[in-house]
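Chain lettering (A, B, C and D) follows the sequence in which the chains are written, and residue indices restart at 1 in each chain.
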Amino acid sequence: MSSLSSSSSSPVIATLLVSCRDRTGLVAALSDFVFRNYGNILDADQHADAETGLFFMRLCWDLRGFRLERSEISTALGDLAGRFELGWEITFSDERARVAIIASRTPHCLYDLLLTHQLGELGGDLGLVISNHADLAPVAGHFGVRFVHVPVDPADKLAAEAAHQRLLDEEKIDLVVLARYMQILSPAFVARWPGRIINIHHSFLPAFVGSKPYHQAKERGVKIIGATAHYVTSELDQGPIIDQDVCRVSHRDDVEDLVRKGRELERQVLTRAVRSHLARRVLISGNRTIVFG
Amino acid sequence: MSSLSSSSSSPVIATLLVSCRDRTGLVAALSDFVFRNYGNILDADQHADAETGLFFMRLCWDLRGFRLERSEISTALGDLAGRFELGWEITFSDERARVAIIASRTPHCLYDLLLTHQLGELGGDLGLVISNHADLAPVAGHFGVRFVHVPVDPADKLAAEAAHQRLLDEEKIDLVVLARYMQILSPAFVARWPGRIINIHHSFLPAFVGSKPYHQAKERGVKIIGATAHYVTSELDQGPIIDQDVCRVSHRDDVEDLVRKGRELERQVLTRAVRSHLARRVLISGNRTIVFG
Amino acid sequence: MSSLSSSSSSPVIATLLVSCRDRTGLVAALSDFVFRNYGNILDADQHADAETGLFFMRLCWDLRGFRLERSEISTALGDLAGRFELGWEITFSDERARVAIIASRTPHCLYDLLLTHQLGELGGDLGLVISNHADLAPVAGHFGVRFVHVPVDPADKLAAEAAHQRLLDEEKIDLVVLARYMQILSPAFVARWPGRIINIHHSFLPAFVGSKPYHQAKERGVKIIGATAHYVTSELDQGPIIDQDVCRVSHRDDVEDLVRKGRELERQVLTRAVRSHLARRVLISGNRTIVFG
Amino acid sequence: MSSLSSSSSSPVIATLLVSCRDRTGLVAALSDFVFRNYGNILDADQHADAETGLFFMRLCWDLRGFRLERSEISTALGDLAGRFELGWEITFSDERARVAIIASRTPHCLYDLLLTHQLGELGGDLGLVISNHADLAPVAGHFGVRFVHVPVDPADKLAAEAAHQRLLDEEKIDLVVLARYMQILSPAFVARWPGRIINIHHSFLPAFVGSKPYHQAKERGVKIIGATAHYVTSELDQGPIIDQDVCRVSHRDDVEDLVRKGRELERQVLTRAVRSHLARRVLISGNRTIVFG
């Protein structure tokens, strides 16, 4: 009997993410692993990509009555992984991911993340908010979240990044959310956080890569604008897309209107993407994502 | 070696739909049944409804190399069903469902279904088109589909329904699609086709039940109109909803504009619902549906 | 030269709303009135409703260089109104409407209105927030807006309404926004604020009138949920609709998911409706609205 | 008394499109022109673009009782145009534009345009369908529209274009609609039809310019795909956008699914754009459009 599941009133749920070459018997082998050990499967999703020949699975089960301790689960999964050449990752619902938000001056995405967190719907714990400006300190304070002002010296951006890294280590952060940070991170920093930095880009990528996308959108005369949440990679605005959304605009909308309408999209899309990531619904496959619904 | 899978160039796929009380081990038992018999699972979806305590699963596998003949599959599933008290239904991709469309005078839904069929994307075979008017005969003819004119005598509607039933039997129809038929079917007819008649209602149900929903929508001043595809039950416009869609309207739209905009919705929603049904993605649970994506 | 336009750095804009029986020459007469007096028309929208025979117009012009003082404008419009039997209302961009928000315990709509106001995009001044609970006092405080706790005694609801009315008078409020207030206002109170109370209903009206609309939506098995902002009239959830929006849901969404998804809709739709009202884009015609884009 | 308005049972409507430098008095001058001559304004839209300083207006009025004959209207407008330096164009509802469709092999856009025409909702007359393949001849035939097969010799594309031009002249065509024609037109041909060729591009431009946009979309892993109707200019996929629409996709959708979902978008967006153009709702301003609603 697992002491972990008994330590909490609501049941602890294990979530296993798997990716590997597709082959016969994977679904049965994985679900049988859970069943044989008296776990009750709550949710199972899988995707076999015909083009790449890869297989992805997300399996959630209730740990109440499960025969294996967490360390034993890892050992057993290690065996399965050897047999099927699996990439895998397991998380437990009572070990919540820790999140840092890096913002600049614009408040809308920050408010949305903080309010979602306050409502208990983010799916992780907010460790701190970092910003290169002091403006948003009262916002973090209002929600009772630590705020650290890390100014960025254009002549020495790496110093700010070193400060970021120290703070993220100190707070044991698992996920970094760029809530309209507006600064480009160095390849070295990005490389330290693969698949663990989420950015919101204020356009429907791949349209309008780079800066001032609303100006670009106005210039091109599009009738729909969008926002895109993606994992950050070393190539600007080219990382795997997690979520996107759009809204209709017209000739009546000037750039300020696009900015205002875009804000609604940005905050919704970013919060949705962060929630999907923290619910372990996102798998990365090359430069694309599988997002289980 | 299955003779069925070798009889065709593209692989035959078995699709199993299951509904039952939720209990531990269902996913493992069902996926293990496929795996033990050397089937390769292509798609698996399940849903456990916390409120009703019911479990639903859709399991697709490739029959190439599967050890059991179709008759043996049914016997084996019968055993499983007894053990777990399953409701189940299995279909094979080389035994396509046969579809009848019943229309009246408006052509848009009919064209959409016929064109989708011609493009090979409906997922079933069109047996015939029935209408209470002769107007659409050339449309069916253009697409090479049998058309039968069954006039409805208001004084004896059951005579028309008897003619319908004879035609549906004759063509061995599995699914009846009401493509803006505009006549109410008798409870007796509906009872003969449980979960096998799909209707398109030209509103966002449950708003605007009954006739002239666009007039009702104009009268109420809504800013969004919709269309709803649902299974027909004995209660008018109350059957399980399969799909819905909406579009934005304004004070500028008069009833004719609503009708025109609504047509786009109707045909898309109806065709999508029929495709979902024929792909065996829809399970009925009481007065609701589970539609696997 | 108007002293009004010179008192401010950004130009003062006059917005005229007109409704009347449709007749020849209305557009010309109204635009000519502006032109003859050296006003520059910035925006003009009109709508002739074929069904009711009514005409609606919204006309905005720059007051710089306009020959008439505000009092003279009113006199001149009074003359025109007599000639064409116009209903009319004129507002000036430097006389901002004053808004009160009445909330209960749920914070999302309140945050959205307060943040929109802080960003300078609401189009009016926030006088105060009233609530029947004290929970949201810190939210109002964070944004520097007055908060008044007016408990509601179920045995004497009119006492609370009397307190509301005193506060609204004291703050010279023009528009009351019910941000998920969850209490039904008395007909007498509503009658005192015709076309000046905006409510957010958490369903796609007219579907799911009344309480617990998300439970109703789950029960009916709809595939799309919505939210509706409307003017409050004495009939519950029957007032003129200003704006609506919807999002897609599935069998996977339980009532809590519907509530969460619905919150996004509620706050967007309510804020949009309030912005439209304050920008003088909404005219009421019977139980419907004309919302100029 | 105009002989034109009396020649038809439904009233003839004049639609004037104007573009010019913005200046005071334009709306009044133009609406006064109609009013002084006893015309009844049915619809008036205008847009002043703050960025470019340009003004656009669309004015519709009923010709019943209008004092001026059509030739006199042109003379009078010529005078106004001289005074205000207007670009202008007037059309009359009884002189319907003539439309040619150029298609290739894919039928969905063609069906949509032909059915819309048959329902009397296109707003113009279909002169003929041209295609570089014979496949769609029966489709045109079914709707009673002339079909001409003009094969394209890759070694001499100009010969096909010359044939097109002859057919368009012969049929007195005003608007050319490329309904998934898939061939690039020569700059010379395009130059002969400025603002009068509408193309449907199967992506959300400016994302995925050029060929195989659905493959590009799959490759990039976007979560939303789109379609764009635009005027054809000499730069590929760079012309003024008239309309766009999008739909959601996921990792489950392979390229074939994107193609199928995209078809729905393409036909809707193309037909909407053609209807907007034929209703004289579209004005071109540089590389952008104003589309009056």
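One rule holds for everything that comes next: a contact is a pair of C-beta atoms (placed from the backbone, for glycine too) under 8 Å apart; a residue touches a chain by one contact, two chains touch by 3 or more.
These figures come from a predicted structure and were not determined experimentally.
Peer 1: A-D versus A-B: which has more C-beta pairs touching?
Peer 2: Ranking A-B and A-D by C-beta contacts puts A-D first.
Peer 1: How many degrees of rotation carry the C-alpha atoms of chain B onto those of chain C, rounded to the nearest 5?
Peer 2: A turn of 180 degrees brings the C-alpha atoms of chain B onto chain C.
Peer 1: Relative to chain D, which chain has the most distant C-alpha mean position?
Peer 2: Comparing chain centres, A lies farthest from chain D.
Peer 1: Averaged over CA atoms, how far is the centre of chain A from the centre of chain D? Could you give it in whole Å?
Peer 2: 43
Peer 1: Let me have the rounded angstrom distance from the C-alpha centre of chain A over to the C-alpha centre of chain B, please.
Peer 2: The computed centroid separation for chain A versus chain B comes out at 37 Å.
Peer 1: Find every residue in chain A that makes contact with two or more other chains and list them.
Peer 2: Residues 250, 252, 293 of chain A each touch two or more of the other chains.
Peer 1: Tell me, which parts of chain B touch chain D in their complex?
Peer 2: Within the complex, chain B touches chain D at residues 107-108, 111, 115, 119, 121, 138, 142, 250, 252, 260, 264, 268, 293.
Peer 1: Going by the contact rule set out above, which residues of chain A touch chain B in the complex?
Peer 2: Residue positions touching the partner: 24-29, 31-32, 34-36, 38-46, 48, 293.
Peer 1: Where on chain C does chain B make contact in their complex?
Peer 2: Its residues touching chain B are 47, 49-51, 204-208, 218, 220-224, 226, 240-246, 250-252, 254, 285, 287-291, 293.
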